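Letters A, B, C, D, E and F mark the chains as written, and numbering starts fresh at 1 in each.
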Amino acid sequence: MFVFKQFNIDRHQVSLLLPEENQAQALFEVVEADRNELRKWMPWVDDTKSERSEAKFIKYIQGQMVAGKVFMLTIAVDNMPVGMIDFHQINQSDHHAEVGYWLSQQVQGLGIMTRSLKRLIDYGFNEMKLHKILIQVEAGNTKSSAIPERLGFIKEAEFKDQIYANGQYRDFVEFGLINKADGRHS
Amino acid sequence: MFVFKQFNIDRHQVSLLLPEENQAQALFEVVEADRNELRKWMPWVDDTKSERSEAKFIKYIQGQMVAGKVFMLTIAVDNMPVGMIDFHQINQSDHHAEVGYWLSQQVQGLGIMTRSLKRLIDYGFNEMKLHKILIQVEAGNTKSSAIPERLGFIKEAEFKDQIYANGQYRDFVEFGLINKADGRHS
Amino acid sequence: MFVFKQFNIDRHQVSLLLPEENQAQALFEVVEADRNELRKWMPWVDDTKSERSEAKFIKYIQGQMVAGKVFMLTIAVDNMPVGMIDFHQINQSDHHAEVGYWLSQQVQGLGIMTRSLKRLIDYGFNEMKLHKILIQVEAGNTKSSAIPERLGFIKEAEFKDQIYANGQYRDFVEFGLINKADGRHS
Amino acid sequence: MFVFKQFNIDRHQVSLLLPEENQAQALFEVVEADRNELRKWMPWVDDTKSERSEAKFIKYIQGQMVAGKVFMLTIAVDNMPVGMIDFHQINQSDHHAEVGYWLSQQVQGLGIMTRSLKRLIDYGFNEMKLHKILIQVEAGNTKSSAIPERLGFIKEAEFKDQIYANGQYRDFVEFGLINKADGRHS
Amino acid sequence: MFVFKQFNIDRHQVSLLLPEENQAQALFEVVEADRNELRKWMPWVDDTKSERSEAKFIKYIQGQMVAGKVFMLTIAVDNMPVGMIDFHQINQSDHHAEVGYWLSQQVQGLGIMTRSLKRLIDYGFNEMKLHKILIQVEAGNTKSSAIPERLGFIKEAEFKDQIYANGQYRDFVEFGLINKADGRHS
Amino acid sequence: MFVFKQFNIDRHQVSLLLPEENQAQALFEVVEADRNELRKWMPWVDDTKSERSEAKFIKYIQGQMVAGKVFMLTIAVDNMPVGMIDFHQINQSDHHAEVGYWLSQQVQGLGIMTRSLKRLIDYGFNEMKLHKILIQVEAGNTKSSAIPERLGFIKEAEFKDQIYANGQYRDFVEFGLINKADGRHS
């Protein structure tokens, strides 16, 4: 187990961990429990059919991290994996990256994701030297969009018919947060 | 020479052609002549250093076309290559694609690009079965944004600090055109 | 649809086209209709079992064309694909290539192949800078050998037991046409 | 920074970390300082010519770890990288692995390596389910061989003329530690 | 059939041959006949299920020989393949290689293997410029260990629980023979 | 050294050997000595610039042999490599192969090549189950064409302007020998 950051919320210890195969079982159980809710926003849910497919995904992500394509962390509460948070679409020439995240319904509402994202943004701006961080949220998912708004993100786009799934198009909005401390000129 | 479409504007014959290596010389000469103007909007201009690099690019594009990643056409006026127009970022699951284009300053203002783009859109909606076509234009490039507006595209996004080039960030706007005749549900 | 050449024979328009996947259905139907006849001369006929295998073949050919290994054209009459003609075994150091062709029985006897081959030879000598063009024909296939003879090809070889198929050996003759206008010395 | 284990020795905090590129500078400085001593036992020292070659090595190791070929940790004292410890030659069918390690002379003699190795052995036996852990040490390197002996390793081999470097052969001894708690039969 | 060496034992001609696919049948028949005995020492026996898997193995070995990874010979008695002998783990920087061998029970006890190995050692020391040749033998296989002892090999290691097969660990001993005539310094 | 066949001519021993890297020096010396003569018929002579390029060629040939693409033998007289003979263009579906050969001028005129070729033909017909063996010889090279004629080959083709080298085209003739004993029907 490789620990990236640790902090406490109430009496719980929240850890941001390197994704490892031995987390596959716990993560798959969250997907199973929240499948109906996750399916609404996460296109990959229907492909996560077993603990084994989750383990294969984690292996794939490790390779992507080594290649610098993705930076993903497992969120654990009291050592139990309950969600993930990541940078993807990392653009090394324009210094952008897009954030993604999901969390077990059982531990939502405690501020875990807001504080985890804050740690990730710090890492993105200070260590990865990003200039802008983007988040795409489905239009109408107020729970998801509350998090970027709380952290100062600004809406940049309203994409019509952006994703086609289950025979229907859905709209998305995109938020951006620019690194004010970055010396590069706008 | 493989001809995709042909039409007349005034006394000139405009052809949309399969990109082939023997167009490299003419296309490189346009880049040389318009280098200062093209550099403002086209990040690839500084990498196009010789007829040979243009020929290598065309070869690369042919492979991308066969793989279904790109659909690109050379625009020729009276058999002389003067520009290119393309679909890239072709998304086969959400049925989107992004348009790109550039044209020699010598033949701008005649409506060549608007009519070429119309042909490309017809092909995208009818043959490639696209649902939405996107165009990104630098904020403030009114000449470029006039073309999508004239063809009914709607603004979807204003990206701040989107591209970092020559030590400076630039903003972009994105336009979208949805295929009304497409049976898929919004 | 990308058009290489177009010409008229009687009231029909003959087009030489870039091979594209949407021609697979029409070409497969010709193979189905003429299977017994084509099988005699074309070793690939028995492998062409479905529209899908024809489409895969076309995709493969596109890659070979980009790599400069093959130059193949679909022959269409009044926009309906009815056959193919090609250069293969393209030898860039000795400047030779071999011709292959086949045509639906429904449109044989009109001179379509002789005129298509003439266009291909022009392209081979003038654009590809070939010095010699070769055609292999089964010994005894007088219909096939009439075409090269009509265009001035000269017999160079009589190969005994050249191809083994269906438990039997068959003899082939090879014709060559040298580019008189080519400056290279014999 | 991903932390695998942390413990204290006197007033110092020792961390076992995931190898990451930003440790390259500190590790290279240790190699530079101890080059003459390290060269005696470590064949790779002469290839570590710059911070950049150290960074490339770390990148390579990350890939090997994802592939399950190697498990390597950076040893840091008070957040400063000072050495490495690893399992290599991981044999998944016979359940063996070989240990390697090196440490800056500046922090030797404090028990850092013995305690780090103890943590690694725990992980090897409990998480990786190893049956035997091997260490090869140059014959005569008493400092290096003291560590496995202190941890209960038993000598299994004395290899004559095992490594040829700088025009001379050197002898090595190999120690093995068998997992008594492992249920597999000897 | 490519002959490496030939010698006589009593009235029989022993040949050391390049492994070729047409030896697969004879070699597979030996494996079939001696399966119970060979299985005890040779982990590959259970994977050799047919003449075809033997032929595939020979093909694989040919590639390894061309790549310099292995040097393997088929042993034939009166032109009938009855076993194999090889160098594997060829270490080009330290000038070591490991020997492996097996022989049909029908022709054991005549000295075939001792004399074949002697030829292989000569080739290893004189042509491949090896400094040390190693043999691993299962602890307790006195028939196998008699051969290296007769040729002057010295025991270097006793590996505990070295191979795990069929739910049980087995011990191995390793013998080494150093090339006294080699100019490299110990 | 792996021996394929051995026979005597006068007092000399002629061996047909597996090509191995340690023959590179001797073969290169023949090429050096006969360069002006060999260059006339062998296009590869000008690329054989050093013993090292000869050694690389031999390595390449070994791989081709393992892949079944080529069957090549080194001809040695009294253990000194003096030429090569081979099957190439091995066609497994039509059961043809083409022969190539060259020999040091110092040992020409003794019948070495005719007898070596006879051995190769035996192997081709009996072991490789070939139906037809082909030889291409430059038109006018009577020394080379005497060999196939002596062995019963029949002329099948006269290729005009077949090879372009040093700014000039050359004509070739091709001979074929059919395996009368082969049961396949003509």
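Just so it is clear, contacts are C-beta pairs under 8 Å (C-beta built on N, C-alpha and C of every residue); 3 or more make two chains touch, one makes a residue touch a chain.
As the structure is a prediction and not an experimental result, all values here were calculated from the model.
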item: Shared chain contacts [subunit D and subunit E, defined touch]; value: none
item: Number of hops, subunit A to subunit E, where each hop joins two touching chains; value: 2
item: Most remote chain, CA-based centroid, reference being subunit F; value: A
item: Farthest chain (mean CA position) relative to subunit C; value: D
item: Listed chain pair A-D, C-F or E-F that repeats interface D-E [over half of contact pairs the same by residue number]; value: C-F
item: Centre-of-Cα separation between subunit C and subunit B, whole angstrom; value: 35
item: Whole-Å gap between the CA centroids of subunit B and subunit E; value: 65
item: Inter-chain centre distance, subunit A versus subunit B - centres from mean C-alpha coordinates, in Å; value: 34
item: Geometric centre distance via CA averages, subunit F-subunit B, whole Å; value: 56
item: Sequence positions of subunit E contacting 2 or more other chains; value: none
item: Pairwise touch network: line, ring, star, complete, or other; value: ring
item: Running round the ring (origin subunit A, first step to subunit B), the chains in order; value: A, B, C, F, E, D
item: Of subunit F, residues touching subunit E in the complex; value: 1-4, 18, 22, 59, 62-63, 66, 127
item: Subunit A to subunit B touching residues, read off their complex; value: 93-96, 131-132, 154, 156-164, 167-169, 174, 176, 178, 184-186
